[in-house]
Each structure stands twice: as structure tokens, then as C-alpha cells.
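Paired with subunit B in one complex and with subunit C in the other, subunit A is shared by the two complexes that follow.
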Partner chain A sequence: MIFQPDLITGVISFIFTLLIFSYLIGDNPLFRIAVYIFVGVSAGYVAAIALWQVIVPRLAYPLVFGSMNEKIFAAIPLLGSLFILLKVSSRMAGVARMTMAFLVGTGAAVIVAGAVMGTLIPQVGATINFFDLNAAVAVGISKGEAFGNGLVVLFGAIFSLVYFHFGASPKADGSMRRFGLIEIAAWVGRIFIGITLGAIFAGVYAAALTALIERIASIINFFSNLFGNF
Partner chain B sequence: MADSIKCPVCGENNPAGQEFCQYCQSRLQPITGSLKSPDAPIRPGQAPTKKNTAELEPVLPQWLRDARDSSRNNEDEDVPQSSQKTGKTRPAAPAEDLLAGLQSQSSDGDEDEMPDWLASITGTAPTPKKNQAESSEARRVELGDKNDFAQEETSDEDTPSWLAGLTENKAQANEKDELTDWFRNADDFKPAEQPAKTPPADDTPDWLRRMATADEDTGKAQPPSFEASANDFPPPAPETPDWLRGIEDKAQSVDSAVFAESTAGESEAFDPLSSGELPAWLNDQAENAAKRAQDTTPKWLKNEEAGMPATGELPAWLSSSEDTVPLPPVSQKNADALGDLPDWLKASAPQTSIFEQPEETPAAEVEPAEASFDSPDWLNAFKDAETFASDEPAPALEKDIPFDAPPAFAGDSQASATDNLFTEMPDWLSSAMELPASSSPTPITNADAIAPGELPSWVQAMRPVDAPLPSPFSSFSSDQTLESRGALAGLQGVLPAAPGFTPTSKPKAYSIRLQATDEQQAHAALLEQILAAETAPVPIASYSSLILRASRGLRWFLFFVIFAAVTFGLSVGAPIFSMPLGVPREIGGALNVARSIPENAPVLVAMDYEASRVGEMEVAAAPFFDQMILLKHPRLTFISTNETGSVLTERFISGPLAGHNYENRITYLNLGYLPGGQLGIRAFSLNPRAASPLDMSLQPAWASAPLEGVATLSQFAALVLVTDSADAARVWIEQTESTRGEIPVVVISSAQAAPMIQPYFDSQQINGVVAGLYGGAVFEQNNAGRPGVARNYWDAYSLGMLLAMSLALGGGLWNLALGLRDRASAREAK
Partner chain C sequence: MRVITAFIAIASGVLVLGGYFFPALAGVQTLLLNWAIILAGVAAIVGILNLTSVHMDKIRRGEKGSAYSALLIIGLAVTFFFGMILRPQHDVMQMVALNGIIIPVEAALMGLLTVSLLYAAIRLLRRRTDMMGIIFLLTAALLFLGSATLPFGDIPVIGTLIRPWVSQILALGGARGILIGVALGALTTGLRVLFAVDRPYGGT
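And now, the complex of A and B:
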């Protein structure tokens, strides 16, 4: 019997697949062993990637072989990293605030600007453009379909937002109920939200089913290859 | 300096530098003898020296002993009274002080009536009334500028520490040398025929020695002009005792030449042990003088013992303890009277009075000699100040004193000893105590004399030595704690600790009860109920042991059903379900992009998905890349914001795309991991070269073939996002919105992220979406019939989806049936 690398990897994959499937009987040591190994391997791999693809080429190399400007630009993140490392000490944790403030502030600025310019405004514009029938016809969509899509998107957005309006006023019997029109709109919005969550669940199920199919296919291939070699 | 000086007495003009008026013989130069004499003012840092002279009391004259006794009796009374009067601290003289009685006596009487000679002895400050009565003009002529002395005091006060140390050394040197050498060189010159020189003290600094040597040279070059005048002095008066005459001869010879340069203590010429080195005539003179000093009482002292007031006959120099007192011209008669003074009394008198040889060399002539010194400027400044002090003219009386001419071979040390003899304690008194009475009289020398550098007694009396002022804080509080912080730092006892101190007022009681309205309390109670309900365990009837066992069985049932269906779908060789026929718009857009990019165009691919989604993502992405590579042979550049993206890229290249034989750095390039998350993506979109300069193998990325001609993000032909997360797709879309330009964007996503990515396609921010296995299957359908993995998975996927829909529908119906049954039961129960 010749042990080929594909055979070894196939055996390991099969074993770990069974360990994960053991979760069907509940949380058990076999499942935990598999999870711990995955977590450890992933952490080690991430550390190696961070060392060889981040620290060495982006920090150590410019500091050693770079020009003066590169050294200066590399020294700044190095100093920030050292400050963050000081968070291990409760007394020196305050030193990292400057670096953390810079990271959080810069990150917030980038995120907010990107969300506004890349999602919020384009999505609002797209919702409005659903009623641009000529534009819809230009891309091959009939006016009726375009108008219907527009209405669904419009009411779906409105009703979904109304659903999250929880303002209520007390009634004569002491119960707290929302305004009638808002209550109806919230009920319609709940339908839209349900459909959306259903679609997402279907996608999650489809993704999980595809993963299951791939795993079963790999087991089948392993066994077929294994027995085929015999 | 003015060319002439106007005589304040006769008003005639005299040449500059002239010490006495040519017409009336009045003094023109100020008297500053005390500044250079041993009575010089105390220097900062110089400690006063105690003198224990009580043992010499038996040899005191009777009148001095009487004065001492009276002072002891009145000591306790007079001192506080005098202190209150003058407002100054006047410490009582020590009991053992020889001159204590004089001080007390002076303090008892009115200071205005105190004899001047007694004031000079006891150190009592001279009455300022006398100076104030003088005209300012005369003061200027005699004393120089008023501010000169004030400046000198100020300079002493402002002397820095380092200079104070130097001053101390100078004071120490004065103890040995009596005066600093250069201090005398300003106005004194040695005779050229001076036979012996006392070697400088070992402690004398080199610069002082050099200055002394230069002084000697100057003295040799300029022989004193007053030597001849000194020789012309008339013979001594007949009243002058022989012993005094002999000593005076020595003193005159020395004073006329130069002030001593060597210390009295180290002077070998005056050392009694080394007296054998002296010439014979000098030893004889000294011995005879000592005998006479003990055997013979001066005439004036006899008068004192007889009760005659001595003040009327005292010379004016005795009353001038300071140089601020101008000396009137003294006649020949007064000079004769001074001849009766014993040596020890002369020593108590200021040296610069009548016993100082008049200086005939003007100061202007001395200055060139001083300029030849290489002393630094700061030293010259001090030297100038002391030159002013040493330039004091000798009293006019000295001219009239019929002293003998000094011997030409008198040494400097001898002259120095003579100075000490005139300014300090009488040596014969010290010798009398040290030697037995029956011993032979010891020649008067200054070997045991107190060093002239020591403080005068009146200066010592002004310095608090033994009885410092009590601390003012000690009388107020016994707390000696020194505040070390706060505004009261450095103060002592200002905030005395008061143990046991308790406030007298009772603190006001404040209610800690929450002031809330009934409505607020009701809301708080409601919130409390909600929180309690969240944390309270709620038994679920459906999860009873029977139901739980049934649920576990249901889970096993579902697993086996799905597992069997999938296995069946994968195991069946023949297709069960047909591939999807239609092409959705989002997939159609992706197809257009794959087909519309230029040939061999650079395409940027972001591989942002987890390893657990490899099965789905590779199935969804493989058809797209297969078709694009097959049609356009693009140069692919992979980058990932996920740590595992780089290795998943290699797996993808070597797996589903292995048939295209893409090679690293030739047809594709793996830039690896892009750190920073959204910030990294933003940086890469702005400047790809700077954000990711190296590839996965740490080689320069942007010089490789896949990135040839690409410098910015907009220069790529297309942007393909392969991600299993809607957030990753959103971030890439958002951060590249303003930098990617018009390049097409295709998102290959997982099926779970497709619903969240679809709006970006509807808003035309992206050009196509390929989601999950379904999207891959559609792409394979439109990939020229090339076989793919999607087809292998399609039957199992279709069975699994069908089974899932059936179970979901069956479960919904089952729940509906259970609900209807419960409602019916409830209705029946009602």
C-alpha cells in the first residue's frame, strides 16, 4: 500500500468530518477535539501570515533596508504597536489610548464616509429610480414590472420601518396599543421582514446544504479513490 | 583722575597724587587704613576667632582691670538696654575677653562722650554725628566718593559662593600673611636693598606668589622716594623709651619700605626659636625692648594709673576706628606724646593711622605696575577696590615722628611682624603668660601675636556667634513639623496638629431617599418586572423529557433523511434534475462582464471568504473564472482581506482552475493578505502600489507581468469580489466607490449573502452577482457546455432543497394543526 499525500489528507479530512458530525449526539469530546484543533491551526496560521506578510515586509523591511522616509513611516506604526502592547499592564494601559483613539477615529471616519457615499445615498437613489419607468425600459424591464417593483420596494421599506415604531398610547382598558394605522402598517412590515428573513434562511440553508454536499462528495471521492486503488 | 586736587583747608591746588598739601600740609588723600590693615572688615564666610585672654588679666594695667570689673557687674543690665537703644544686637564681651571691661564701660556711658581711643579698642562703632558734621566736599577729598564704601559692602554681599570661597582662602592667607601680597603692592614698594625675603606661605596660591614677585620687581625698579625723607626724620623724642624706640625703628623701617608679604606666623625672622638667624644687633634690640616693656611703665600709663583722664591726651588716631574719620593735622607735640604709647597699645590702634608710613608714590604711578600683572579682570576689580583701600595716605603726623631711619637690610617678614605688633594683641602680654616670671625677658616678636587677618573685636562683637537668635516659631508652637507640600511648604508649625479636635457643629442630615414621583416609581417597577422576567427560568412544556427525547429523535431523523438524499443525489450517475434554464439579471450581468473584458486585461480578484465556505464558493466562482479565462485570458491579481484568503487563492488556482495552467507572477499574482480591514481597502483603492507593494512571496508585485501597466484601481479591467459575507462585499463596494471609476464589478457570493448583496445590483453599483451553487449552475449552463462541479452537485442540491421545502411545509402544517387543536381545546374549556 502506497501512502500518497492525497490519501493522507483524505484520511484526515474524513476523520475530522466524522468528528464534526458527532455533534448530532450532542456536545462531546470528539467534537471538542476537532474544534480545538481547528482553532489552534487557524490561530497559528494567522500568526504566521501576520508575521510573514505584515510585520516582515511592512515593518521590519522598511526599518532595516528602507529609505529615511520609509523608516519614519514605519517607525510610527511601530510606536503605536508598542503603545498597544502596553495595555497588558493596567498602569500603562493609558498610553495606548492615543493609538486606539487614532485607530477608532480614523476607522469611524472611513466607515461613515463609505457607508454614506457607498450605500445610503446610492440605495436611496435606487429606491427612487425604481419609478423611473423609462430607465427601466432602457434596461429591458417593462413599465408595469418596474412600477410593481417600485411599489414593493417602497412599501416594503416603509412598512418595515413602521414595524420598528414602538410608540403607543394607553387605552381605556389600560392596555398599551399603537395607533391603528401604524399598527396595520407594522403588520404589513412584519410580512416583509418575514419574507426577507425567510430568503436569508433559505440562503443559509442553501449554503449549508452546499457545504454538506461538498463534504459528502469528498467522502465519497475518498472512498472511491481508496477502494479504486485497491 | 583730575590733574590737581584742591586742598580743602587752604584751597590751593596740588598736583594729582599729592598726599599732603604743599602749602598747609593738610591731608589730601583719604584715610582708608582699616581696609588694608588687620582691622579690615570681615569677609563673607570668615568665622570670627575667639580670643581667650582672661588668663592675661593679672598683667593688665590697673585701670583696665577696674574697667573689666565694672563691666562684669553691669553686664546683665547694660546689654539689653543698649540693644534696645541702638536697635542692634550688641553681644556682651566674653568674660575671658581682655577688653571686655572696655566694651562694657563704653556701653555704660554716653556714646557721644566715649573716648575715641576707647572706641577704637572696644570696636564700638564711631559716632556718625562726627561724620555728618563734616562737609561733603571735605569728605570727598579725604574719603573719596561716598558710595565707594557702599559699593564695597554690596560687593561683599553679592559675592558668589565660589568667590566667597576664594575670600575665605584669602582670609586664611591673611591669618598667615597678614595681608595679601597684591593687596599691599598697590601703594607699597620694597627697598631695593632688602636683604632677606620671607618665602611665601605654602598655602599661598601661585598667582599670589607671582603677583608678589612682580611686586618685588616693581619695588626694585622703583625705589621708594620716601626713604630719604625718612632718613631726614629728627631724632626720637627724649620721652620715647628706648625699647619703644627700637621697636619703632623696626616698624618704621618696615613700614617705610613695604607692608609685609609673608605671614606673621610663618615669618622666620620673628620666630623666637629662629631668632638666632637674626642679626645680632636686631636680637639685642628685641631683647632690650622686651626688658623695658616689662620693667618700665610708660609715662602715659603712669598717668592713667594715677587717675588722670587719658582721653584728653590720646592722639586722634585712637579715636578713629574707621577710616571714615578724617584725621586732623597732627603737630609735633602730639607726635611726641605718641612716643609714650606702648607697643601693645599701638597695635590696638588702626594701622593706617599715625604709624603708617606716608605713601609718597601716587596711585597713578602704581597703576602701570599693577597693569603688568596677568591677573584676570575679576581679580583686577577686587584689586582696584583694595588698591583704593591701600592707597590711603599716611597721616601727616608720621612725617613729624622722629623715628630713626629704617635699616636698609630689614626683611619683609620683619616688617610684617611689626604690623602685627601694631594692630593685634600685645605680644609681651602673651609672652608673659607663656613664660615663667623668673625667666629672662623675651624679645618682642610677633610670633605669638594674633594673626592680623583675624577679626577686630568690635567686628566680632557684631556677629552673633555663641547666642544665635531663638527661633521665632518655638515660642508659638511646639510643633516642629516642617510643611513639605502645598502653599505652606517650608513653614514650620503653621498648621499645628490638634489631636482630638472635633467639630462643634453637628453635620446636617440629608435624606438619601430617592425623590421620585409615583409615575416614575411605576415605571421603575415595570422595568424591574421586565428584567426579572428575562432572567427567570421559564419551563417550556414542549421540552419535557418526552418531547426532548422526541426532538432528539427528530433531529436524527432529519439528518438521516438529508444525508440519504444528498448521498443519493451524488451517487446517482444519471442526472435527476435538469440544470436551471433561465438566466437571472444579476447572473446575466456577470456573464456580460466575463465576456466583455478586454483580452489579457488585468482583473483584480478579492478573495474574502472563510475556509468553511470553500465548497460553495469554489462551485460558484469556478464557472465564472473558467469562462472568463477561456474567453479573455485575463491577468488575474488576487488579494484578500482575510488571513486565509491567500492560501484559499492558491487552492482555487490549483483546484478548479488547474486546467488553465495559470502560473504565479506570469498570468496571475497573489498579493496575499491586505491588513487593516476597511482602512486597508480604502488605502488600497487610493494607492494600490503603496498599500500592497509586495506579493505573497515578498517580491515586488507591481513590476510583475500580471500588473504591468497598472498603477491605480481604475486601471484594472474588472473587479471581482468572491466573498461569503455581505459585509465584505459591502465594504469593497463602499470603499472603492469613488476610486474604481467605471470598471465593472462582479460579486460571487455565498447563497446566504445574496439577499443582502442584491440591492447593490439593483442600484447598479455592481454589474453582476453569482450567488451560490445556483449561480454556478447557471453559469455552467452558459459556459459552452463545459462540465463543472455544479452539475455534480446539482441533483443532491435539488434533492436537499426539495426535502427542505417539504420538511418546512410539513412542519408548518404540523404546527398549524397543533395550533388549531389548542384553540379548539381552549374553546371547549371555555
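And now, the complex of A and C:
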């Protein structure tokens, strides 16, 4: 009997799916075997990708085959890499601080730019766009409905933000309470956050259910293909 | 050392941030980001080396569960060995490691979430029956019912009117507030690092 590549993938995938689903009867050695092998294989795969797709083309190749300029520019991350590798030894870990400082500084800049240009400006812009009544009419929504929806989204965003304002001042009885108006806005914000988290929960649950159905379908397909082949 | 590390963090951060706003700094930004990608790749390798050393220690000491650690090391070594020889894009690597183990295990673990989430929702209903808990579960149930595909189509009113309005207007308002809040938090944290108020790289 000649084994087809798809059959090998199907057998491995079938075994691991069953091992993982064995968790439904409680934590057991079969589940642990699958999880530990999964972590090992994933780590090995990530290491191979990091070497072949990052370190070899961006560091090793310019150092060996690059021009003088490329070699000089590649020498700096090479030095940084050596510093990071020294982190494995607890005595030499301090040397890696300079490289970590570079990574943290660069990461912070990317985060700042991402937060402003990727979230703040687009989200504020999208909230404002709800009040573009002519655009709403163009897609068949009445002006009143568009304005009402815009108000709900705007107040939802504001009240949800207010909910996370925890600044409070001490009262005469020594208790700490938020300013009255803030307290009311935060209460409304809590309702919006509850609705949002409920919607997110429903989305995650639907995704989990889809994954479960896909796995069960793969088991059924595996058996039907197996018996079809024989 | 403290001054040098703070200087490196601030200088690299300012140059990368400047690249977004001043075209003249775009070249420097690309170079620094390329270095950061290389260093992040090396850091990932160091992390995997650390994982290996922790599990090797467990095996050496013969601790409880060292057999599982041995499986992890074997899985890691075999995948890395073949990944280096064949390359990760090779058909065998894709077939066995990715489509045979990684993706099915991830999907099966995701599938297990169905049971865990249902159990968590029931526990929430039993232990915290306050306004927030009820709104949370009511919304989840409403959206789930509304998006269910039934033989006769959408459930009237819930599927056609309430679900779209709750998910696209009500939940959107809260989600937008949460997203803006997260972005403001990330912005503040990033600026604190760039002004060297926070020094997570050491040297406080």
C-alpha cells in the first residue's frame, strides 16, 4: 500500500486532535503528551523560521556577501546579538542591557506611532463620520436614524472612557467617591462596556464553536477518506 | 551604564518616531527597524534556548513530569533539525509540523474553549448576578441567537433588527471607548519610555 502525503498529515492531525479532545474527560497524560509535543514542535518551527527568514537574509548574508557598507551596517546588530546571547549567562546578563534599551526604545516609538495613527485618529474619525448625514442618506438611511445612531456611538465611547477614570476625592465621612456627574456617566459607561464584552464573548464563542465543528468534520473526513481508500 | 542605556533608548526611539513625520529620517528609521527585527529574531532564539535549558534541567534532575519535558525536547530538536535542513517552507515541514501538528492542535484547543466558555458563563450567572453580569450574558445570548442559522432563516426581530443594532451601534460605542482607552494607555506608556521615566531595560 502506498501512503499518500495527505494521508500522513490526516493520521497525525487525527491523533493529535483526539489527544487534545481527551481533555474533555479531565486533565490526563494523553492531553499533556500532545501539549508538550505541540510546544516543542512550535518552538522548533519558530527557531527555524527566525534563522532562515530573519537572521540568515538580514544578518549573515550581508556580513558574508555584502558590500563594505552593508558589512559595517550588519556588524552593529551582530554585536547586539552577541550581547543578547550573553543574557543566557546570569553573570553576563548586564551586558545585554544596551541591546534591550535599543529594542525598548524602538518598540516604544512604534507603539506611540501605532496608537496615534493606527487607533486614535481612525477611531475618532470613524465616530465623527457617523454624523455625515448626507453620506447616510446616500446609502438609504434616514437623517434622523443616522443622527441617533451617531449619538449612541458617541456617548457610548465617551461614557466607556469615563468609566476608566478612577480619580476620586475624599468625602466628609472619609470615604473616597468620584464627582457626581462622573459617577453617573461611569454607570452608563458600565452598561456599554457590559454590552461590548457580551458581544466580544459571543464572537469568541462562535469562533470556538467553528473550530470545534471544523475539527469534528476533519475526523469524519479522515475516516471517510480512509475507508474510501481501502 | 544607566546614562548610556537611557541615551540609547531615547535616541533610537526619537529617530524611529521622527521617521514617521519627517521624510528625511525615513532611511534611518528603516535601518533601525531592520536592526530591531534582527535583534528580536535573536531574542526569540535566546528564549527558545532558555526553554530548552529549563526542560533539560528538569530531565537531569529527574523531576516529576520529566518524561513530558523529554518529549518537548525531542519535538523541538527534530523540528529544528529538519527545519534547518529542509527549510520551514518545504512541503514535508508544512505537511507534518504545520498542517499535522501545529494547526490541528491550535484548532482543537480553540474547540475546547467552547466547553470552557460555556462553563464560565454558567459560573458567572450563579456567582455574580449583578447588573453587569446580566447585561453581559443577555447580550451574548441575544447576539448568538440572532446569528444562528436556522432552517427557517433568521429569527424575526432578534435576527433582523435587534442583533444588527446591538452589535453595530451599541457594542460599537463601548468598543470604541475601550479601543481609545487602550490607545491612550499605550501612548502614555510609550512616551514614559521615550522620556526615560520608565526604564524596563534596567538601570532604574
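In this section, the second predicted complex is superposed on the first by the 198 of 230 C-alpha atoms of A that agree within 3 Å, B and C clash if a C-alpha of one lies under 4 Å from a C-alpha of the other, contacts with A are read in each partner's own complex, and residues count from 1 in each chain.
One rule holds for everything that comes next: a contact is a pair of C-beta atoms (placed from the backbone, for glycine too) under 8 Å apart; a residue touches a chain by one contact, two chains touch by 3 or more.
Everything numeric in this text was worked out from a predicted model, so none of it was measured.
**Student:** Based on the superposed arrangement, let me know which partner A:Gly80 touches: subunit B (first), subunit C (second), both, or neither?
**Tutor:** A:Gly80 contacts subunit C only, not subunit B.
**Student:** Examine A:Leu51 and indicate which partner it touches, taking first as subunit B and second as subunit C; both and neither are also allowed.
**Tutor:** second
**Student:** Tell me which partner A:Gly125 touches in the superposition: subunit B (first), subunit C (second), both or neither.
**Tutor:** In the superposed model, A:Gly125 contacts subunit B only, not subunit C.
**Student:** Which partner does A:Ile220 contact after superposing on A: first (subunit B), second (subunit C), both, neither?
**Tutor:** So A:Ile220 only meets subunit B here.
**Student:** Name the chain, either subunit B or subunit C, that contacts more residues of subunit A.
**Tutor:** It is C that touches the greater number of subunit A residues.
**Student:** Answer with first, second, both or neither: which of subunit B and subunit C does A:Val204 touch in the superposed model?
**Tutor:** both
**Student:** Where does A:Met117 make contact in the superposed view: on subunit B (first), on subunit C (second), on both, or on neither?
**Tutor:** Both partners.
**Student:** For subunit A, give the residues common to its interface with subunit B and its interface with subunit C.
**Tutor:** In subunit A, residues 24, 42, 45-46, 49-50, 52-54, 58, 106-107, 110-111, 114-115, 117-119, 123, 126, 196, 199-200, 202-207, 209, 211-212, 214-216 are touched by subunit B and also by subunit C.
**Student:** Which subunit C residues qualify as touching subunit A in the complex?
**Tutor:** Within the complex, subunit C contacts subunit A at residues 1, 4-6, 8-17, 20, 31-46, 48-51, 53, 65, 68-69, 71-81, 83-84, 87-88, 91, 93, 95-105, 107-115, 117-118, 121, 131-132, 135-144, 147, 166-167, 169-184, 186-187, 189-191, 193-194, 199-203.
**Student:** Could you list, by residue number, the parts of subunit A that touch subunit C in their complex?
**Tutor:** These residues of subunit A touch subunit C: 5, 8-9, 12-13, 16-17, 20-21, 23-24, 32-55, 58-59, 73, 76-77, 80-81, 84-85, 87-88, 94, 97-120, 123-124, 126-127, 149, 152-161, 163-164, 189-209, 211-212, 214-216, 218.
**Student:** Over in the complex, which subunit A residues touch subunit B? Could you list them?
**Tutor:** 24, 42, 45-46, 49-50, 52-54, 56-58, 61, 106-107, 110-111, 114-115, 117-119, 122-123, 125-126, 129, 196, 199-200, 202-207, 209-217, 220
**Student:** Can you check the complex and tell me which residues of subunit B touch subunit A?
**Tutor:** It comes out as residues 555-556, 559, 562-563, 566-567, 569-571, 612-616, 619, 643-644, 646-647, 672-673, 675, 677-679, 682, 693-694, 696, 698, 724, 730-731, 733-735, 737-738, 750-756, 759-760, 762-765, 771-774, 792-793, 796-797, 800-801, 804.
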